[in-house]
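Just passing along the structure, written as structure tokens.
Going by the order they are written in, the chains are A, B, C and D; count residues from 1 in each one.
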Amino acid sequence: MAEIRVEALRKRFGEVTAVDDIDLVIADGGITVLVGPSGCGKTTTLRMIAGLEDVTGGRILIGERDVTSAEPKDRDLAMVFQNYALYPHMTAFQNMAFALKARDTPHDEIRDRVMHAAELLGITDLLERRPKALSGGQQQRVAIGRAIVRQPAAFLFDEPLSNLDAKLRVEMRTEILKLQKELNATILYVTHDQEEAMTLADEMVVMRAGAIAQQGPPRVVYAEPASEFVGGFVGSPPMNVIAGEASGGVFRAEGLEVPVPLTAAGPARLGVRPEHLRPSGPGEATLTADVEVIEFLGSSGIVSLRRGNGDSLKALVPADALESVLPGAACPFRIDPGHLHLFSADGSARLH
Amino acid sequence: MLRRIPIGYRFLTPLAVVFAAVFAYPFVYSLWLSLTNYTITRRNETRFVGIDQYTGLLDNDTYRQALVNTFVFVLLAVSLELLLGLALALCLQRQRWARNVTRAFLLAPMFVTPIAVGLMFRFLLNQQIGVIPEILGTFGLEIDFFGPDLALFSMVAIDVWQWTPFMVLLLLAGLESLPKQPFEAARVDGASRWLTFRSVTLPLLKPVIVVAVLLRALDAFKVFEYVFAITRGGPGTATETIQYQVYRTGIGFFRLGEAAAMAFVLVAVVLTIVVVLFRRLMREAT
Amino acid sequence: MRRLLALSVALLALALAVAGCGGGDDDSGGTATGGTPSGTVRVIMEEVPDTDIVKSLLPEFQKEFPDVDVQVEALPYDQMRDRIVSSFLASDPTYDMIVVDNPWMYDFAKGDFLLPLDDRITAAQDFDHEDFAQPLRDIAEVDGATYGVPFYNYALGLIYRKDLYAQAGLTPPTTLAELKAAAAKLNTGGRAGIAMQPQKGYKIFEEWGNYLFGAGGAIQDADNAVVLDSPEARTALQEYIDIYKASAPKNSLNWAFDESLRAVAGDKAAQMISYNWMLPTLNKADGPAGKLAGKFALAEVPGGKSILGSWSWAIPKNSASPDAAWAFIAWVTSKQHEKERVIAGGAPVRASAMSDPEVWEQGFGEDYYTTVASILEDAAPLADGPNAEEMINVVGEDLNAAVAGQESVDDAISSAASGAQETLDK
Amino acid sequence: MSRPLRALFLVIAVVAVAFPFAWVVLISFKSRVDLNDPSSLSFTPTSANWSEVLHGGVLEAALRSVEVGLATVSVSLVAGTLGAYAISRFKAGGGPARFGILLAQLMPPAVLVVPLFILFFNWNLRDTIWAVIAAHLTFVLPVVTWFMIGFFDAVPRELEEQAMIDGYGRFGAFRRVVLPQVLPGLGAAAIFGFVLSWNDLFYALILAGGNAETLPVAISSYNTFRGVELGAMSAAILVSVVPVLIASFFVQKRLVRGISGGGLKY
């Protein structure tokens, strides 16, 4: 296993700059997740690291080796594709053995390594089947098995779970985490799903428009989003944003006043995560809003609110507090002052 | 050296070389010929005449008739082949009994060299000695297959006999590769068979239909053998086709320059049509 | 890179082609050289019985000329011309000797592809060039020079059923009106009065030309100008159409030689205008007519002047062994071997052979040969001049359109005449 | 369509196809005399046509046609497959490449044949099957390439990327992973190309008659200046059709599956 370093990496497709001078370190033995909306450049970055896409500018190092212009086969990386890319004309075993064969690994060793990986993934019984005869989850395991067998410097995952159903996705997520610990693997993982990113990542890299919007452990990214975009992208339901004015330590918007830890004055945007918007007694209330719909989740419920000025907000309310919230009624809500996010007027920067 | 050539062109090289060897030279040569008055038997008088050969075609009634005939032929033959082919493919798809034999047998006409097909039908459709008019006669029907009114349609019918199998082959392949879900959805929606066919099968099959029609049409534009074997373009100009004219002018009358011009006009017209249709289809597809 | 490659390949090929096409012009043949000729003579011929007969004579030739090796390549008609022309264009020819169909003769000679043979003919001993039927010799003569020696004729005649004519009390027609009457009279339910070949192009013109001559018309005058636009031509075409409509098999507008022969041989038509040498074929006991063999006879076409077709031996200018080729031509067309050839069933070209009792006896009888001789006396080809093949097609298109009813007789004739003249002037 | 209707339609189609063939079989046993009425059913069968055909070089011509077809198809498959991959995957040659392929499919043989003749003459290939093979390439190659472009378009790009990551170069990935995906399509294109070559008369006639006669040339040579030798021609037609028919019985399943492998895209 090795560390991957990316320096001033850039990719242009004609006039369009897909990846714009990004620097990144993928730590040895950890999972780094590239996450962002589609078209943000995360997959292009991954593909450049894999060698599938030519680099317009910058360097890629695996360990101490500069692989910027090396062939994919010479980079010692394994990759798992979104559609698994299993060779349809080979059995699961042959699929997993293919890369080893390409490297002239002795027959016995291939066998041992494939069997070992198959046991790890619980697919020993499926080895003689062709991909067509496997379910989506089984294909996924074969694809991962194929990567494991390689014992590569690092693993690249390109949205590997997005073709699975929700339940299987959660299962596989856990499985990947376990495998990573077991193998102490270096993994670069690309996904557009922020939940997947947060559950998997040791280090989370949020990308937007070809650049890194924020990088850090999931907890930090969640707790202190560097911009309104990151705040909105990470977390579900997404963060509520209210436009207003800050001055003298107070944020003011229509029908709303909140003390904020900020001295500067000027227009600003207030970010409030749904779980920090709670029903309250009339006295403590920060704002009042009409309850439109309640989506009950079990331990909690998502309450859709509409304020007098037409803004809609979402609140994540614990089940026991839901009783006081009645659909169709106007309810008082309180913003938790300890969990405020204040962004600049254009949303690009965090103000505290 | 080799590494500097983009990978795509390295793969393209064999095709380009073979293509250049067998096609580029004859093509360029005939393009050049079309701008001269080259006549095999008068090579010493060959000179560059610019587009004279092309403008000359404007006044050539027989050529215009041949263009019209060729397009009518292609349009009719290919649409009939498509319709019959589609119907047959639909039947074959659901057929169980003697499936392989039927399929193989229905492909047979494709494998007979067209000149032989032409000669076969010349005799089969002959009023006095042909068996088909004889059979029709027992029903009191008399059809002048190679008379002025029907000759072109008889050519179409022969083409349909020979090449519908090709359509069947492609469409059957297309049908068998269609996904199942849309049909199940249509069944759940209670769509009638006709509605299912019209709004599910046809749209899904469209790419295959386009390819099949294109391949067939490009080939049908080269119709020559049936005309050569049966009517030689007659009666009058009823079955004159461009290919037959090109053949007669170039090989028969030795005027290669003019023949080349005749061919290029057809090529230009057809390519324009194909490109326009293509553009539209591409736009619809995206 | 790719474009450059394509371009250079094309240029290279072009250069080669130019180099290849230029050859063959410096060989101004003429006089026969002395001594015994030797070498290989590659000859292209048509796949027909007359070719087989020539082949059967080859061993005899080989005995007399052991150093000449004649190699015959027999091909279907449609394939011959393309290959001959291709061979002309090559510096290293495929053929050292060819046979030329009469519509090609003028263009081949004018295209400077053929060796003039006058000096060789004059120098040949006992050759008696005058013995060949005059119209056949004329075909091989272009602008005063002789480029070919007649090989065999395919002049047309009327082939009719003797028995049916006798039954109906008819004698062979001498005018178009009589032909019309005879055809109408012989037209019964199961059997057409006459089988015709109105297929567009060569076939209809070849047949209708006889009607034209019968009506007193002509295709070209002495100066080769087209004189088709005449009342006689209109009469001839009207008669042709009338006879087709009244007495020819139904819906036979695309018929060519093959269908007519089948109809006549199969007792489905009483007569046809066709090649004179079809008579022996039809009368052969194991021939296509089966039980009808022996019931056919040949007459001159109504009016007595018929359309002539002929094949001639010729030597391409780029022939690799012109002397050996000439040795063979002189040998095979000599009086003696003409006789052998005709006795073996070949179509005659020499008067001496046609009037030879020995030929009558061993061949197909006096009647046949005298009829052929009189047919050949004044027969004329469809076209004399440049672009003959095209001219024939131009006329044949209008004629066919008129029979099909797409054009009036008047329009068809004037269009054919102007089209023919234009083609000749091209 | 209901079941009986479908069955009826198929029966009609089978009869329509079978009828001319039955007629051909019939007349292949007729003597010259009986052939004056090709459609009559009362005749004395003769094997003369068959022995003429079988001893008259038709079998050699058939063999030569097979050789020409195989050679044409082999070259087309190699060049066409590589080229199609380049065009499909790398957009090599861009619009002009696809356009050129269409153009080639459209060019009338009558125009190409003379330059080709001159070319073969200069290369000293006249009257050899090589000339015919080269000429057939002018129309088989574009069709095969066209087919293959479609097949390659249907192969997911990730497959070869996976192979490249797994340790193969471009060509290795192409050969070991991409090519196996299009094999059924390759078969279909091969058969189709073979049929085109098998049927061609025009080029074979002019470029290589006598010494390198192919089957269509042999068949057409029964259409003589003195009429059509129907009997022998029919026997020759059957000689040419029967082997292909038997072959198509075995390959049609593969053919259908091959084409449906996704190659029919535009």
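Going forward, a residue touches a chain if its C-beta (ideal position, glycine included) is under 8 Å from a C-beta of that chain, and two chains touch if they have at least 3 such contacts.
For clarity, every value in this text was computed on a predicted model and none was experimentally measured.
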Next item on the list: Imagine the assembly minus chain D, everything else where it sits, and name the touching groups.
Entry: A | B, C
Item checked: Chains in simultaneous contact with chain B and chain D -> C
Next item on the list: State the pair of chains with the top count of C-beta pairs in contact.
Entry: B-D
Checklist line | Maximum centroid distance from chain C, chain identifier (CA atoms) | finding: A
Checklist line | Where chain C and chain D are represented by their mean Cα positions, the distance between them in whole Å | finding: 37
Margin query: Measuring centre to centre with CA averages, how many angstrom lie between chain A and chain B?
Written below: 55
Next item on the list: Determine the centre-to-centre distance between chain A and chain C, using the mean Cα coordinates as centres, and give it in whole Å.
Entry: 89
Next item on the list: Please list all residues of chain B that touch 2 or more other chains.
Entry: 9, 12-13, 16-17, 19, 21, 25, 29, 40, 122, 129, 251
Note to self: Please output the residue numbers of chain C that touch at least 2 other chains, ranges allowed.
What the structure shows: 2, 13, 17, 21, 82, 89, 262-263, 266, 268
Next item on the list: Find every residue in chain D that makes contact with two or more other chains and list them.
Entry: 36-38, 93, 114-115, 118-119, 206, 220, 223, 228
Checklist line | Contacting chain pairs - touch in the sense defined above | finding: A-D, B-C, B-D, C-D
Next item on the list: Flag every residue of chain A that touches chain D in the complex, lowest number first.
Entry: 50-52, 71-73, 75, 77-79, 81-83, 85, 87-89, 98-99, 102-103, 146, 150
Next item on the list: Would you mind writing out the residues of chain D in touch with chain C in their complex?
Entry: 32-33, 35-38, 93, 114-115, 117-119, 121-122, 126-127, 205-206, 209-210, 217, 220-221, 223-228
Notebook entry, point to check: What residues on chain C touch chain B, complex-wise?
Noted result: 1-2, 5-6, 9-10, 13-14, 17, 21, 81-82, 85, 88-89, 107-108, 110-113, 192, 199-203, 249-255, 259, 262-263, 266, 268, 386-387, 389-390, 393, 397, 400-401, 403-407
Check: Given the complex with chain D, which residues does chain B contribute to the contact?
Finding: 6-19, 21-23, 25-27, 29-30, 33, 40, 84, 87-88, 90-92, 94-95, 100-116, 119-124, 129-131, 134, 161, 165, 169-170, 172-177, 193, 207-208, 210-212, 214-215, 218-219, 221-222, 224-225, 229, 242-243, 246-247, 250-251, 256, 259-260, 263-264, 266-267, 270-271, 274-275, 278, 281-282, 285
Checklist line | Contact footprint of chain B on chain D as seen in their complex | finding: 1, 6-7, 9-10, 13-14, 16-18, 20-21, 23-24, 36-39, 75, 78-80, 82-87, 89-93, 97, 99-100, 102-116, 118-119, 134-135, 137-138, 141, 143, 145-146, 150, 170, 174, 188, 195, 198-202, 206, 215-216, 219-220, 223, 228, 230, 233, 236-237, 240-241, 244-245, 248-249, 252-253, 255-262, 264-266
